[in-house]
């Protein structure tokens, strides 16, 4: 019960921090601009390159729009644990949480969940806006299907990706616990590498061997595949296969993340990093 | 003696959608060179607002003030080269640069030549005992040495007037003492004016030549610490009682009690009440009131007047009570 | 005499502020690695995307975009929001009570920012060209001139933004995120946003042309990947020069107006206690 209360309270606090710094509607609007602009940039790059080569297809455009929108959410919650711990060290909140009975694992879980929740509407808005703007700009409708089934399937994908999201949070948190400066370094690299290696913008076979093998072991790749199965291909077999890999990979990833975070905190406590201020 | 800081009728109000606040309500003062001038008052009394106006960060709503004859509102270009400022609440400094690098940087904002800078930093780091740490990066410095660097920065341009806003807050005793010695030395030997805003009474008594007591934006009185105690200070009658009374009115309603302030030891459930009394009869009335209220007196003693008693006798409450009132 | 003193003070302030920025970066080499992440990985992702479209000759556009993203990121995060950080830690008020002109502080921040970003930009170029070698035939003089003017106008925009952000306080950080990506899109960091090949309607292109980065990217692509002579970019260069001067002027005016307003309203100094 205490664990659940801890997670809920942390999620509430994370929500306050993400959304309540100004009017929530304005906050949502501002949060949506950046990922939507990024999706459109990717879409235009594809259109410009492929049109010049005479190889433009609406299906591939849809592939990029869906992937870039989902990636926006992954990028958002990649930064949350760093911010939770780095800001928490600066304000003394993190050490205070650490010494509570439930300590920091439910706290990070709550913060990641809050970010997950507030980025879900962002994905939906990015998808819609990018779909309509692309149609207007390129004179071709991206092959994305917004039906009840596809939306439900997408929602299912996002929920099943939660363990992977939390796992990423804990792994990055393991790093953040130790840093007293340059706290944004690793999350920046991780989110950048995920853009390349999670099939956000292109399939794995675009990468040269052996880099093309990496997407196959990342749970986020299956998040992309399941999302595309829901919105573009409308294929239950592809959807369920991808969801299976996502669930399995996410769970294993989560276990790894929690173990790593626990070890990191133990070592940080020994070396005096828990309350070492981040500059 | 040259008057360096002068204020006449300085007032400042802040208007917002929800409230209007009068931070300063007609302040008059004159401060001379070679003087360590203290402005003493609780949080929210207007000390920082006064410093902000005098250091040209803020315009007064009415009244005028001058620094060495230059108007703070209209002649900022003439004032800024000759003043500087430091605060105990700031973390001013670029973390990845050494203390020396930071001091050099700030000296350049005043156009200091290389030779002037080298001479100043050598003198300041020696007097503030900063030499061993001067080449360390700021993030490596402890709070005490950071504050020494901050103080050094406030003197890097050889200013005529230096504004200090709680410079020793949160510092250990030794560092605080070092800084106070330094400030007195700078005032007397280098003929500067040190304008010190503080709510630390011990610090005020130790180093200030004159003290202006400020409350609710007004200067109540301005005198040397000794004169303040002599004229306004009353001996305090201190009682330790249990349980703590529900309100101070049990004391302040009694004739002969000028004011009261209290602290509570929650663990023991014991309140220590300091009463500024007019005469001995007042003490008897206090004992009677406590007895009637069923409050037990554990011990009592007499205390010679400090600046806190001066404040209490002028305002009727202590700093803590006044800060609580201002906050609510 | 007074003019000489003023110029000396201006120069010393500008030099010392640039020195602080450069020293902070080169004194901690990890900064280069930190600043490298986003421009390098974004440009590699876009270059791979171009490759996947079947026309990898445009991958060079992506690398060039990454190089400029390094500088643009520096403008947004180390210039535009710098004064807010300075305000939080108490440095901003020291600038204000000193005789140093704020314009000198801004120019110093710009120069220091450019010098501090050069290593990241160079690494993006080297790594990007290693993975995606693209044929180019530039006149390096024209490229350098275009590059310098683009940076000048970009950092002049940064000066204006730093003044405006003072009015917004901590909300500026969130605005920065939104503005950054929106400008990346409109200005065509990785693709032509104006002229031939632009996907945008004419009205949008007009708006995009008001952003220095748009003109700069267009000019740089012409200088690096096309004919590369002055005649193809002279109009863009003139436009960039005018933009730089106008933005500098506006930035200085905005800051003076904000300072005066701040002194009147008491909003110049806000610090967490």
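All chains are identified by letter, namely A, B and C, in their written order; residue positions are counted from 1 within each chain.
Just so we're on the same page, a contact is a pair of C-beta atoms (placed from the backbone, for glycine too) under 8 Å apart; a residue touches a chain by one contact, two chains touch by 3 or more.
Nothing here was measured: the structure is a model prediction, and the numbers come from that model.
Chemist: Which chain's mean C-alpha position is the greatest distance from subunit B's?
Modeler: Farthest from subunit B by mean C-alpha position: A.
Chemist: Taking every chain's C-alpha mean, which one sits closest to the mean of all protein C-alpha atoms?
Modeler: Given all protein C-alpha atoms shown, the central chain works out to be C.
Chemist: Taking each chain's centre as its mean C-alpha position, how far apart are subunit A and subunit C in Å?
Modeler: Centre separation, subunit A to subunit C: 28 Å.
Chemist: Using CA atom averages as chain centres, what separation in Å is found between subunit A and subunit B?
Modeler: Comparing mean C-alpha positions, subunit B is 50 Å from subunit A.
Chemist: Measure off the straight-line distance from the CA centroid of subunit B to the CA centroid of subunit C, and report it in whole Å.
Modeler: That gives a centre separation of 44 Å.
Chemist: Please set out, as single numbers or ranges, the residues of subunit A touching at least two other chains.
Modeler: In subunit A, 181 touch at least two other chains.
Chemist: Which residues of subunit B are in contact with two or more other chains?
Modeler: Residues 95.
Chemist: If I count partner chains per residue in subunit C, which residues reach a count of at least 2?
Modeler: Residues 28 of subunit C each touch two or more of the other chains.
Chemist: For the complex, give me every residue of subunit C touching subunit A.
Modeler: By the definition above, subunit C touches subunit A via 28, 30-31, 33-34, 37-38, 40-42, 44-46, 48-55, 58, 62, 170-171, 174-175, 177-178, 180-182, 184-185, 189-192, 197, 199-200.
Chemist: For the complex, which residues does subunit B have touching subunit C?
Modeler: Interface residues on the subunit B side: 12, 14, 49, 52, 55-59, 77, 80-81, 83-85, 87, 89-97, 101, 104-106, 108-112, 137, 153, 157.
Chemist: Please output the residues of subunit C touching subunit B within their complex, sorted ascending.
Modeler: It comes out as residues 5, 8-9, 12-13, 15-17, 19-20, 23-24, 27-28, 89-91, 93-100, 263-266, 268-269, 271, 273.
Chemist: Mind listing the subunit A positions that touch subunit C in their complex?
Modeler: Listed in rising order, the residues of subunit A that touch subunit C are 21-22, 27, 30-31, 33-35, 37-38, 40-42, 44-50, 52-53, 55, 64, 137-138, 181-182, 184-185, 188-189, 192-193, 195-196, 200-203, 206-207.
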